[in-house]
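Just dropping this structure here.
When the chains are written out, they are named A, B and C in that same order, and each has its own residue count from 1.
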Amino acid sequence: MKKINIDSPKKTIRDVEIGDRVTIFDFVNLYECRIGSDTRVGTFVEIQKGVEIGSHCKISSHTFICEGVKIGSGVFIGHNVSFINDRFPRATNSDGLPKNRDDWDLIPTTVADNASIGTGSTIMCGVVIGEGAMVGAGSVVTRDVPAHTTVAGCPAKVITDTEGN
Amino acid sequence: MKKINIDSPKKTIRDVEIGDRVTIFDFVNLYECRIGSDTRVGTFVEIQKGVEIGSHCKISSHTFICEGVKIGSGVFIGHNVSFINDRFPRATNSDGLPKNRDDWDLIPTTVADNASIGTGSTIMCGVVIGEGAMVGAGSVVTRDVPAHTTVAGCPAKVITDTEGN
Amino acid sequence: MKKINIDSPKKTIRDVEIGDRVTIFDFVNLYECRIGSDTRVGTFVEIQKGVEIGSHCKISSHTFICEGVKIGSGVFIGHNVSFINDRFPRATNSDGLPKNRDDWDLIPTTVADNASIGTGSTIMCGVVIGEGAMVGAGSVVTRDVPAHTTVAGCPAKVITDTEGN
């Protein structure tokens, strides 16, 4: 791993640790995260601090990965996928002042190795998406996804295992 | 309020009125709108003309706020939230020429003070999201949301009031 | 048609054929595609290689159009719309190495003339959206949409024809 900092017209990258042969496309905002070898990061992607992404992943355009998310290796994240880390988000505290990071509980989310998350999906905080699982496009995932199963819908439900049964 | 114009590599900001201590992140397209004091605007956000946003709000990354939307103070708008202002959008008029702003009816949308709109939600035009209401992540809101209630789903339905009842 | 290449701070445009009076906004990533006359392309849009878009279309902000998509003339694509071209996406092959374009089957999608796709919709691969059809905001389209009908929901179902019956 090496740490990179790029502040160019098309890239805002601050304190990001990357492995070998990582590809990062234009118009990205990445900070204080780790991205494994051979992983590709598409355009219009934001990855927040503390995020860990394994090797050989594909993070597609327009996707948002927040603090608290850990992604294994060989994972496909489609376009326009959003993660969440706060179950009851509010802009302000009860005193009316803006919430800072200390004012709410971060709830982690895990995506295990070789899972695929379809384009346009929203992943609620606190879930584990199991190894090799597949989330159908446009899903809203609100609970854990067992390994090697496919889920789809809003809220997402198991529709099959990945062997087609 | 002061009016700002910034045309830098990472920001397109034209005729935007802002209050004090407004934070605007990279890769934004904001024009002819008003943003109140202490409000934060994330990356990859577009805010169109005529939009009014109160103070102490958080507008998260990848969100689109169109003409006709009025947002109160202390409002949380999640990531990847889209508003709408045209009920039956078409690219062209019956003569086949591109529609201009005079060729369709703008339908306004209001988000009242201290409401929260979850990540990945789509807000149909013409709705009022009441004070302190919460819209669950990944929702499609097609009708008014009463104050201090939580809605979720596609289409979004009331699941509880915000006291947990 | 003329071919354009622009690599400026706010635009990444490579080998794109455009007609007359095409408008392209800031923060876009367009490559090896064709865009017809009088079509408008919004901010934060990515259009991939091989995509063909007709004349007099409106492609709104935050939208992703992938390889394999063909869009007619007079088409409205809302904000934050995502297309798909791979039914079972995976990041890697069974040998664990990253998939390249030769390692999966591209499944095409067609949007016929004068159709409208609402904001926040996800369009599964392999569908045909018929002439003049309308897809409601926030829909997940998983099957063909007949001409001159309106569909909505997740998954999208016919709710009316466009005459209001």
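The rule we apply is simple: a contact is a pair of C-beta atoms (placed from the backbone, for glycine too) under 8 Å apart; a residue touches a chain by one contact, two chains touch by 3 or more.
What you are looking at is a predicted structure, and each value in this text was computed from that prediction instead of being measured.
The rotation that brings the Cα trace of subunit A onto that of subunit C spans 120°, given to the nearest 5. Interface note: subunit B and subunit C, two copies of one sequence, contact each other through mostly non-matching residue numbers (shared numbers fall below half of all numbers used).
A straight line joining the Cα centres of subunit B and subunit C is 23 Å long. The set of subunit A residues that touch two or more partner chains comprises 9-10, 27, 44, 62, 80, 154. Those residues of subunit C that touch subunit B in the shared complex are 9-10, 25-27, 38, 40, 42-44, 56-58, 61-62, 74-76, 78-80, 114, 116, 118-120, 134, 137-138, 153-154.
Those residues of subunit C whose C-beta lies close enough to touch subunit A in the complex are 9-10, 12, 27, 29, 44, 46, 62, 64, 66, 80, 82-84, 88-92, 96-99, 122, 124, 140, 154-155.
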